[in-house]
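We call the chains A, B, C and D, going by the order they appear; numbering starts again at 1 in every chain.
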Amino acid sequence: AAPPEEDAGTDAGSDFLACAVSDEGSWNDKSFNEAAYDGLTKAKDDLGIETNDAESDDTEDFVPNLTQMVDAGCDVTFAVGFNFSDGSLEQIAGENPDSHFVWIDGYDLGTGNVKPIQYSMDQSSYLAGYLAAAYSTTKVVGTYGGLDIDAVNVFMEGFYYGAKAYETETGTPVTVLGAPVDGPGQYTDPATSFQDAAGALSITEGQLAQGADVIFPVAGGLFASTAEAIQKSGKNAVFLGVDKDVAVTSPEYADLVLTSVEKRMTTAVFDVISELADGGEFTVDPYIGTLENDGTALSDFGSFDSKVSNEIKAKLEEIKAGIIDGSIVPVPAS
Amino acid sequence: MKLELRGITKRFGSLVANDSISLTVQPGEVHALLGENGAGKSTLMNVLYGLYQPDEGQILLDDEAVVFAGPGDAMQAGIGMVHQHFMLIPVFTVAENVMLGHEPTHAGGVLDLAKARELVREISSRFGFEISPDALVSDLPVGAQQRVEIIKALSRDAKVLVLDEPTAVLTPQETDELMVIMKQLAASGTSIVFITHKLREVQAVADTITVIRLGKVVGEAEPTASSAELASLMVGRDVDLTVDKPPLHAGADALVVTELTHFDDHGQKLLDDVSFTVRAGEILAIAGVQGNGQTELTEAILGLRHRVYGSVKLGGRELVGSSVRDILDAGVGYVPEDRKKDGLVGEFSVAENLMLDRSFAGPFTKGLGVDFAHRDEFAREAIGEFDIRTPGGSTPAGRLSGGNQQKVVLARELSRDLQLFIASQPTRGVDVGSIEFIHERIVAVRDSGIPVLIVSTELDEITALADRIAVMYRGRIVDIVPSDTPRSTLGQLMAGVVA
Amino acid sequence: MSTDQSVNALPPQPRANQLLQAVLGGGFVRTLLAIVLAFAVASLLIIFTNEDVITASGYLFGRPGDFFSAAGSAVGDAYAALFRGSIYNYNADTVVAAFRPLTETLRFAGPLIAGGLGVALSFRVGMFNIGAQGQILVGAAFASFASSMIHLPYGIHLIVAVLFGLVGSALWAAIVGVLKAFTGAHEVIVTIMLNYIAISLVTYLMRTPLLHDMEGSNNPMTIPPDPTAVLPRILGEGFALHLGFVFAIIAVVVYWWLMERSTTGFRLRMVGINPDAARTAGIDVRKIYILAMTLSGLFVGLAAVNQALGREGSFTPSVDGGIGFDAITVALLGGSRALGVLGAGILFGALKAGGPAMQVADVAPEVLGVVQALIVLFIAAPPLIRTIFHLPGRPKRAPRKVKATKQLEEAS
Amino acid sequence: MTALAPVHETVAAPPRNWKTPIVLSVLAAVTFVVFGLLGNAQEVTFRWSEADDTISLASLVVASQPLCLVLGVLTLLGAGFAYYRAYRREKVPLWVSIGVGALFIIGLFANVGAGATVPVVFILTGAIGLSTAVIFGSLAGVVGERVGVANIAIEGQLLAGAFVAAVVASVTDSLFLGLIAAMIGGALVSMVLAVFSLRYVVDQIVVGVVLNVLVVGITNFFYSAVLSDNSEEFNFPGTLPSLPIPLLSSIPVIGPVFFDQRITTYVMFLLIPTVWFVLFKTKWGLRIRAVGEHPLAADTVGINVNNTRFWTVTVAGLIAGFGGAALTIGSVGAFVREMSAGQGFIALAAVILGRWNPWLAAVAALLFGFSRNFRIWAGQIGSPIPPDLIAMTPYLVTLIAVSVLVGKAVAPAAVGKPYIKE
């Protein structure tokens, strides 16, 4: 429930008030927004702080939503998503130099009060690609995106190069379908994007028909379509989740989730809040989630734990170490 | 079957369309219902047919009171009706139209078309109609459509048959045939209610006559009553339907139409080589049964139709190929046949309707805007001059009565600098008093030296106004004859028979 | 043969026009009641998803008072938040902050009014323009091009960018008019398809150097407008309200003059009510269709300009922000009249501005979508409102008499 | 008796109609020039059967360019024939148009798929899958418009059906109940439409538009308030099983496309002829059409116009609701916000494109699904055309078809007009 009205706007000192504004779409998108939101909820439950949140239906809601948070006297406000780069955050942060913002997937705006949280999703996706190639019996793997944007593409590219690393290493040719490398990549209908459930189904069916047995849908909640396509095909295929551990958040699909490429926003959000609530100093130093600091990682294999050989597991650890020490660059600079 | 209506009252808002009307129709009788436009005849019959619920009164069939919740009940009770405006579905075949509502079916509601066809053939042959059950109604001429309506009623064993103005769309010959059929039906025991305003027909076929005026029964009459008696009963005063027309002073040929041909979108030829001239100061009236190309002719002249070939010259200027606007600007006044559809914008005020075609330039405009002062001033004048009965210039035109709507159109079309005046059915649905007024105005236009083209399906109007009469049949002009040509000859020409 | 001559003597009217009457006819009180009713229905959604209420409903019969007070406070909090978010924030520390909600309402109202006028214009010409979404996208793309790729001095640049936006939307809308005039294609279908095509097309353009900064991210996104082309704020830096709202007000006046006073408007309305009579009066109906869609697009273009140049930032293909569809409801609610659209635009602007505050009060923002739909539905059905509130009105239809004749029934 | 006036031939030769030949020659020119002359020399593989099919056909491997040149010549011949017919003022036979269209499509696939594979079965089954809901929607549209009610709310009915099917099937664990509930959901939306437009005489298009907004609002509301946090309980319905028909399903190509489908798809196959049969061969159909063409005339023969409209529209709602179920339990399982995503509007276009005939409307809807799947296939083989532009195809195809091929189609005369007595 909401905090009592009287102290929402005026009294910010006694209680810590953490707030969040979503990217386009709702908090419960089973993915990106939800991960951030969970961090907020966790902070509220574990730290006993107050929270406020607002969903943005589209980018034009950003400014009023942020304004609302400023007016509510939030001690820190999370702006969830790269889309805030449309100037809305820059404007509000500029106008309210005393307010503090944290921008997930953002960058330093130079306003002095916006802390970026960034993720090297290519790192974990690279691992996922390698795992997919190794796990695949057909040596054909596939990926598709909900929208042709960087935040999505970085997953797909990391996945591609990871799978190709397996090819280089073992000499077994691996086919990666749908990645935006050397071609346009495969996406759902841009007019309906993350709502194009039937399109996602058809795309997966196509990739399965081409022999893929590991699919990496980078399309929010549309993994349900992929799961359905796999089940219907009767093939022994699996898919990989993104952002959160899908096997946990949607247990109904757990028996098809090989692993998930986690973007641990929940942790990052929680950590930032707890530090500030403890009286920590707000800084604009970016938080960068990497394999190294566990900001991003592959989830546990869950029910697939026994099906992934120790050899592969060891290999994944090895690659992870390589990425951390810089000897492996997941996505070559173009 | 004996039909009795007792004290039927039907109100539309404050308008009392039927005011305590009582009448009795004996079995096997042809009962004529006579009355002016808007007298309430159709309303009464719609009440009988269950389409309207009476506010007061009773319907008795064979002395038993009945209440009809809808036409379905009325039909079950043996009442059939041929409506003034046909109730046929144009895209259906004859058989489909006839069976609609009481379809013969196989098991599971599947239509039994064979049976329906058979029924149509059987009734057709009984009355000598030549109607194919598989013809599309939209392809049939109006006369044939009416026969389909009759078949429809008979196919349900109607014991009381209502015919609402059945002769309006028929040639004199077809009218005669219909009379024969009516007598034949009456002889077989069917009671017939026959609505018309044509006294001639009433006298020819009716056994009993009831006259309605302003929603009330004003009298009963025998078929032997004279026309003058009936007419004064109908109108409530003595009427003189002849028009005072000064002798003709025709000038040079003003409107010259040569070989005008027109196709519709399906390649159907609707005007076929039409040629005639109208001289300045002369009225040429076009007679013919509805649907023989008259509408198309006036619309082609006005530029409203595509695929028009040939020539229309007005004062030497070619009109074919010009836009409607140019043609109007050339000085053509035009009263369309259907004023509600083509002549007026019902929701616009009377004042706005009076400037409908003059919004581009001229006195009604001021810069890019409308000159409201001039518009309202003009409306005031026109309302006075044409005796338009309206609460004011700002009343929506759609709220006026038919006759007054017609006067609005007339006032507008006559207020321009005219080189030609065309009027289609200028007095359709207009009361007797207004008819006189409109006819006077048309004659005045003629006398000011302007060529006038009149289209009418009413022979009385044609003979009253015309200096010469052109008769159209199937898109062609059959003949152009002097105004004193006898009715019977005109009737034959209208049926396409040349002497 | 007309279908209804003998029963209905008034001329048949085009649809858009009947609806206009339906919406307009009832007047102020009914509009107000419809709004109240819509909020009342939406309260149910608020009540039954509120956590406190759900808890209280657990012991509804034991302590019904708790349930009702929880329900009452859930609804009260929600609508108080709506008020604070859209009109006046009585909790604010500063005067500026207190009045900011009202200016935000007006800022959101700007494009809604402009878009609403565009859709309204098409209604009054008997057409149904559901293509405002696509028109806004194309207009915004044009405006973005002019504001970021062309560099001009202050003043001129803004004018050029605004004109580009208007022209872009008008062109996209004109396609509808041309197709309707020359092929007879139904504008409802055409506008819907053009919406989808615009989404793809504009997304594509937002990846090309025409609109996109190829050095930056690969996301489909425009380059921010030059400062010279941004609509300036009109109440100072404390308020985001910008010149776009003034333009919208000017558009209301222009629309009023155009539709009610000008000869062009006279012809547009004439075609809308009775195209046959218009043709007979020498009006080229096809030209009017094209003209009407172009004009409609010009008004919608103003909404596009508001969206594209109202802020300093760049934008993505979702720049339309749902205004394309909201414009339809605004036009319907406003009875397609200038003042009505102004009022409806402000009302919907308030709902948009108040949404975030309601979310903070823990109400799902989707409730407001339901409210909008219900308001229009209730307004469109005067008899419903009359029945619910027992208002006087036209007498009801005479009750159907019961069939007295048993035989008839049995026979059938 | 005297002679009848000489009656001239009143039916003239119809005007030459160049529309079809022009459209066909454009298609032919594209096939010959773009796909052929400027085409790609690589080989294209047409795959007829998938690995696990009982009977497998060998794939056809041909060089793209020569194939397209041959197709180009054939289409040019077809177009030429069309010109000849048009010149003689004769109708261009439908099979010529269909033939040229089909050859064009083969050319398109051969050109885009040069150097890759065209999995024919996948493309066809996918097309059917992507058009199922649209076909149901268009059948609902045909039924509604035939009785004279314009149903813009198909979109909302699909969405309501999809939502209700997913929730009810999840909660009750019965896909069958989900199907029934979806039909009821669609019918409820229809009934609101009917009550408002028939009883309160609100403009049908207005009610339709508003209902769409309302259904989106309500489903979104419940999705975020209830479904998303409890998806296993409320939004995990599972899907209807595939029911291969023995023997028939093992026929190459045709088998997997037509005889290895879900119950929703079979119902769709059956519903198309059923709707046609009911509309044109039964007394209810005759009455429905009568009411849609000329309600007053129907009234005068004892048909209760508004009752007929009410129940017919309700039945249309049942159909659309069922189509909604095909989106969730007949396809992807879970409900996704606003997942109807404009398919109801496409269905409306299909109604017009199909000239209010169930068969043609279904074909039009299928064409849409086909172009959607073309987009997906083109993405799959990495076609060089920008994906954003390929994404337009279905809508562009619909737009062109509606404006060029159909033009002023004649709707049932009374569509959208309320019937008011007295």
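Everything below uses one rule, namely that a contact is a pair of C-beta atoms (placed from the backbone, for glycine too) under 8 Å apart; a residue touches a chain by one contact, two chains touch by 3 or more.
If you're wondering where the values come from, they're calculated on a predicted model, not measured in any experiment.
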Query - Distance in touch steps, counted as few as possible, from subunit B out to subunit C - result: 1
Query raised in the report: Any chains in contact with both subunit A and subunit B?
Result: C, D
Requested in this report: Would you identify the chain whose Cα-based centre sits farthest away from the centre of subunit D?
Outcome: B
Report summary line: Distance in whole angstrom between the CA centres of subunit B and subunit D is 44
Report task. Could you grab the centroid distance between subunit A and subunit D? Build each centroid from C-alpha atoms only and quote it in angstrom. Result -> 37
Query - Euclidean distance of C-alpha centroids - subunit C vs subunit D, Å - result: 30
**Report entry** Junction residues of subunit B, two or more chains touched
**Finding:** 51, 53, 72-73, 76, 83, 86, 88, 90
Query - subunit D, residues touching no fewer than two other chains - result: 220, 224, 294, 296-297, 342, 386, 388, 391, 395, 413, 421-422
Requested in this report: Two or more other chains in contact with one residue: find those residues in subunit C.
Outcome: 1, 6-7, 196, 200, 203, 207, 220
Requested in this report: Mind listing each pair of touching chains for me?
Outcome: A-C, A-D, B-C, B-D, C-D
Query - Contact footprint of subunit B on subunit C as seen in their complex - result: 1-2, 5-7, 10-11, 13, 17, 257, 261-264, 266-267, 269-270, 273-274, 276-284, 398, 400-405, 408, 411-412
Query - Residue numbers on subunit D that touch subunit B, as the complex places them - result: 1-5, 7-15, 89, 281-284, 286-287, 289-290, 293-294, 296-304, 413, 421-422
Report summary line: Residue set of subunit D touching subunit C in the complex reads 152, 196, 199-207, 209-211, 213-214, 216-218, 220-221, 224-226, 294-297, 342, 345, 348-349, 352, 386, 388-389, 391-392, 394-396, 398-399, 402-404, 406-409, 413-414, 416-417, 419-422
Query raised in the report: So in the complex, which bits of subunit B are touching subunit C?
Result: 42, 46, 51, 53, 55, 65-67, 69, 72-73, 76-77, 83-86, 88, 90, 302, 304, 323-325, 327-329, 334, 336, 340-348, 352, 356-357, 359-360, 364-365, 368-370, 398
**Report entry** Residues of subunit A touching subunit D in the complex
**Finding:** 26-30, 55, 148, 177-178, 182-187, 189-192, 195-203, 205-207, 209-210, 221-222, 224-225, 227-228, 231-232, 250-252
